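Both complexes below contain chain A, partnered by chain B and then by chain C.
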Partner chain A sequence: MRSIVLKNLKGRPVRTAVLVMIAAFLSFAVFGGTLVTASLGRGIDSLEERLGADVMAVPKEATQKKRFEDIILQGSTGYFYMDIAKLDEISQLEGVGQISAQLYLASTSSSCCSIPVQIIGFDPETDFTVTPWIKRSCGNELGQRDIVVGNDLNAFVGDKLSFYGVECRVAAKLDKTGTSYDTTVFTNTATIKELIRSSLERGMNDFSDIDPDRVVSCLLIDAADGYTPEEIMNDINLHVKRVKAYQSKSMITGIASSLSGVSGMIRTLIGAVWLLGIVIMLLAFTMSVNERKKEFAVLRITGASRKMLSGLVMKEALAVGAAGGVAGCLLGMLVLIPFGDLIEQKLSLPYLFPGWGYVLVCFACTLAVSVISGVASSAVSSLRMSRIDTGIIMRGDS
Partner chain B sequence: MNVTAENVTKEYIRPGRGTNRFAAVNGVSLTLEGGSLCAVMGRSGSGKTTLLNILSGLLSPTSGKVFLDGRDIYSLDDKTLSRLRCESFGVVPQGQSAVRTLTVEENILLPFMLYKEKGGREYALELMKRLGIAELASVKPSELSGGELRRMSIARAVIRRPGVIFADEPTGDLDDENTALVFDFLKQLAGEGSAVMVVSHENDALKYADRVMKMSAGNFEIMKGA
Partner chain C sequence: MKKKKGSAAAGIVLFVLCAALCAGVRLVFHACGQTEEGKWMGCHWAEQAVFAVGISLTAAALMLLIVKNSDVKRGLAIAMIPQAAVTAFIPNTLIKLCMKTDMRCHAVTKPAVIILSIMIAVCALICAVMNRESDRK
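After this line comes the complex of A and B, so read on.
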């Protein structure tokens, strides 16, 4: 029986190729769509984890033209400052738990990077967002002129990079996050102050009259027990002048909603492609079974049972589904995995490869979907076929 | 082996006729005995093919029974009946009956391939030689002439040395020489103990047949033999 199946497939190369291609297309859509959706989902999870704080407060100027959100979410560069007094003012507010200040700077250009990079200086004394994550890549505390680089930057541990004439040492490289942090450089406050000072001396800072010791760029705030981030955000926006507070969650909500838009679109697309594939395969199998009525009758005359006949058709469909499934998944891997960065850019959403384990599961499920679709679309015609009386088929065109 | 039909009838619905239903085969009783060749003649549409299909287990009759050595074949389940058809019945259908993705040899060996059985290769070669298609063994059916296909289908029907052979106009597209060859062959198989039933319009058939029957409008009468 198996050899009959294979010979049937080989003996009708065009039909077989078309069916395999349909199955491959279907599998590509299912596999690729699922992988993209998963990557987006992991990207946003990763972003949420990196943001860390409940509330972020920045100078009001930074919120015009959405600069702040662009830095955090899209990976553009920029910097802005407010008086360090705001830190004290906000930490006095009711319900503020942990609070830590960050300083921002952007490099003009550097040997590591074809594009300017965002530099974020955090305060190791009070920081509760970046440190736990950096600790995973770098065991030690950061010393003066030590930097930690994002995964996408072309620099490695031990490399020296200079910013505004200050030579820094790469102490660690972070894991891929799929967010704008992949192109960010982290330092401690002392180092970034040195960098800012140097940029001021060289006249390369947009702000000419700031004192690095007297300013901060961004305040990261966690709500104390019993207070909601929303209360704190409202409190700051109401009572602290020229400062704008955001809830981290609401920043993500924007992304999450465009993400669910994209994911929804992908799902609809998968559904449509799948339905189309099934319909085409259904037609193809019905047509091919009709065309082969007489051959089935011959098999029947020579002693095949009804079950063997429907088995024959279904095994053909199974082989087609499996071949198409494997081809579609391989194609999906070939297209999606190397071009992950491009997809991230095009979607401008956080996008993080979900790992080989997930890909493997995805592969297996897609293969199953492809095989089941193939067998299901052949089932109708094969069953109907095997139910007809052979005597009647044989008379068909004799 | 003996095949016995008991009062078999096959009715079809045909719109436009008076009664709507008509019998393609009408209450036929007969026995095909091992060792004898039985020729069935009759006008086109008289029910010959229908009768042959019923006797060979391919078409269940509207009423009546068919026995193979006393076993009611239509009481068997599909799997058992299929296996029985494979082993005990050889059918040469009317018209072409090639599986076009298989070679001539594979077509002939189909009754073995279906049940994943080896065997039959030597006999297949012998049959192809005997029927004059030996050099076509590895050719696909699409390259064969009508007469060659016909002989291929005869070889396939007898490859398992079945106890009963049904041939529906097996010499339809053969020349005189090959017609004689096929009848000689069928006669020989009958001589070896098979029950053979041949539907044929050829006068030659009368020469070879131990018994001759004639169908007309679903009824049949014995012309020669008991």
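After this line comes the complex of A and C, so read on.
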């Protein structure tokens, strides 16, 4: 029986190839679409986790032209500073739990790398956002001139990178987050102050009159128990001059809505492609069975039962579905895994590819769906074929 | 006869893949452009190296189509396998690409070169096997 199925498929190579291609296309759409949707979902979760603080406060100038949001969400480079006195002023406000300051700087294309990278300096004493996930990659504390690089930077532990003439050592490389932090360099406050000083001495800093010891770029705040982030944000915006506070969750609301739009579109496309594919396969199997009526009639005369003939058609569909399913999933992996960075770039949304376990589950589910669809679309033809009248067919009165 | 046809078809596919690598690395999946200061980044030299090896691979694939002797064909196909494998290692492993992996050289050039190189190596292996089989015939 198995050899008849294979011989039938081999005997009609064009028909088999077309059916396999349709099944592959369907599987590619489902497998690819599911993985892209999952990657977007993981990306936004990762961004939410990485933002860490409830409220972020930056100098008002940084909010013009959406510079701050671009740095945090889009991976743009930039820096801005405000007086360190704002840190004390905000920490005195009611409801402020934890507070930590960060300093920003961007490298120039000529100082270290082919393009500018964002450098963020955090205070290891007070930090509660960056340290926990830096600790996962780097067990020891960062020393002077030690840096931690994001996963999308082409530098590895032990490499030396020079920023504004200061040579820094890569102490650790972070895990992939799917966010703008993947292209960021992290270091402690002492090192970033040295880098800012060096940039000032070389006249390569947009702010010529700042003292690195007297400025901060961004304040990360966690609300104390009994207070909401919104209350703290409003308090800062009302009472602290020339400072703009953001609620982290509201910052990612825009991204979340774009994400749900993209995911919804992908799901609709998968549904439409799948429906169309099933209709095409149904037609293809019906036409194929009509065309092969005499072949089936001969098989009936030679002793094949109706059940055997139905089984033959179903097994052919199963083989086509399985081959197409495997081909579609492999094609999906070939596109999505190597070109993940390109997809992330084109979507301009946080994108974190799932682990191999999820990919394998997705592969198995897509294969099962492909096989079931193939068998289901051949079921109608198989039923019709099992009812054929051999005598009429052989006389040619079909 | 059928085997010979299969071998010729594999040869044509191999030639098309090599030509695609050669032309593609220059026109379709090329590396990053010049910087604002007019400097070329490391990835440009990786692109040049892939182009050079691509020409050598295309020439070998063309010879494989022209030559009639199966032994020579097999030799050419076998020689193309390590060449294609080396090509896959040029972007970033042998010649370092740009700093950020979301840049064009990492996002487009590297995966495209790796995929095409693997396809060339596999196709060259098939050619080598097919020419051995046609000898036996």
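Going forward, the second predicted complex is superposed on the first by the 384 of 398 C-alpha atoms of A that agree within 3 Å, B and C clash if a C-alpha of one lies under 4 Å from a C-alpha of the other, contacts with A are read in each partner's own complex, and residues count from 1 in each chain.
As a convention for this text, contacts are C-beta pairs under 8 Å (C-beta built on N, C-alpha and C of every residue); 3 or more make two chains touch, one makes a residue touch a chain.
For clarity, every value in this text was computed on a predicted model and none was experimentally measured.
Student: Once the structures are superposed on A, label A:N154 by its partner contacts, choosing first (chain B), second (chain C), both or neither.
Tutor: It touches chain C, and chain B stays clear.
Student: Kindly classify A:V243 by the partners it touches after superposition: chain B alone (first), chain C alone (second), both, or neither?
Tutor: Neither partner.
Student: Check whether A:A322 is in contact with chain B, with chain C, with both or with neither, and answer first, second, both or neither.
Tutor: neither
Student: Touching A:D341, do we find chain B (first), chain C (second), both, or neither?
Tutor: second
Student: Between chain B and chain C, whom does A:D389 touch in the aligned arrangement: first, second, both, or neither?
Tutor: first
Student: In the superposed arrangement, does chain B or chain C reach more residues of chain A?
Tutor: Between chain B and chain C, the winner on chain A residue contacts is B.
Student: First (chain B), second (chain C), both or neither: which does A:M308 touch?
Tutor: Touch partner of A:M308: chain B, not chain C.
Student: Touching A:K10, do we find chain B (first), chain C (second), both, or neither?
Tutor: So A:K10 only meets chain B here.
Student: Touch test for A:R300: chain B only (first), chain C only (second), both, or neither?
Tutor: first
Student: After overlaying the two complexes on chain A, where does the chain B footprint on chain A coincide with the chain C footprint?
Tutor: none
Student: Using the touch rule from the top, collect the residues of chain B that touch chain A in their complex.
Tutor: For chain B paired with chain A, touching residues are 49-50, 53-54, 56, 58-60, 78-79, 81-83, 85-87, 91, 93-102, 106, 110-111, 113-116, 140, 156.
Student: Of all residues in chain C, which touch chain A in the complex?
Tutor: That would be residues 32, 35-37, 41-43, 92, 96-103, 106-108, 110-112, 114-115 of chain C.
Student: Which positions of chain A touch chain C when the two form their complex?
Tutor: Chain A residues touching chain C: 75, 109-110, 112-115, 117, 151-155, 182-183, 334, 338-339, 341-342, 344-345.
Student: Can you list the chain A residues touching chain B in their complex?
Tutor: 1, 3-4, 7-8, 10-12, 294-295, 297-308, 389-392, 394-395, 397-398
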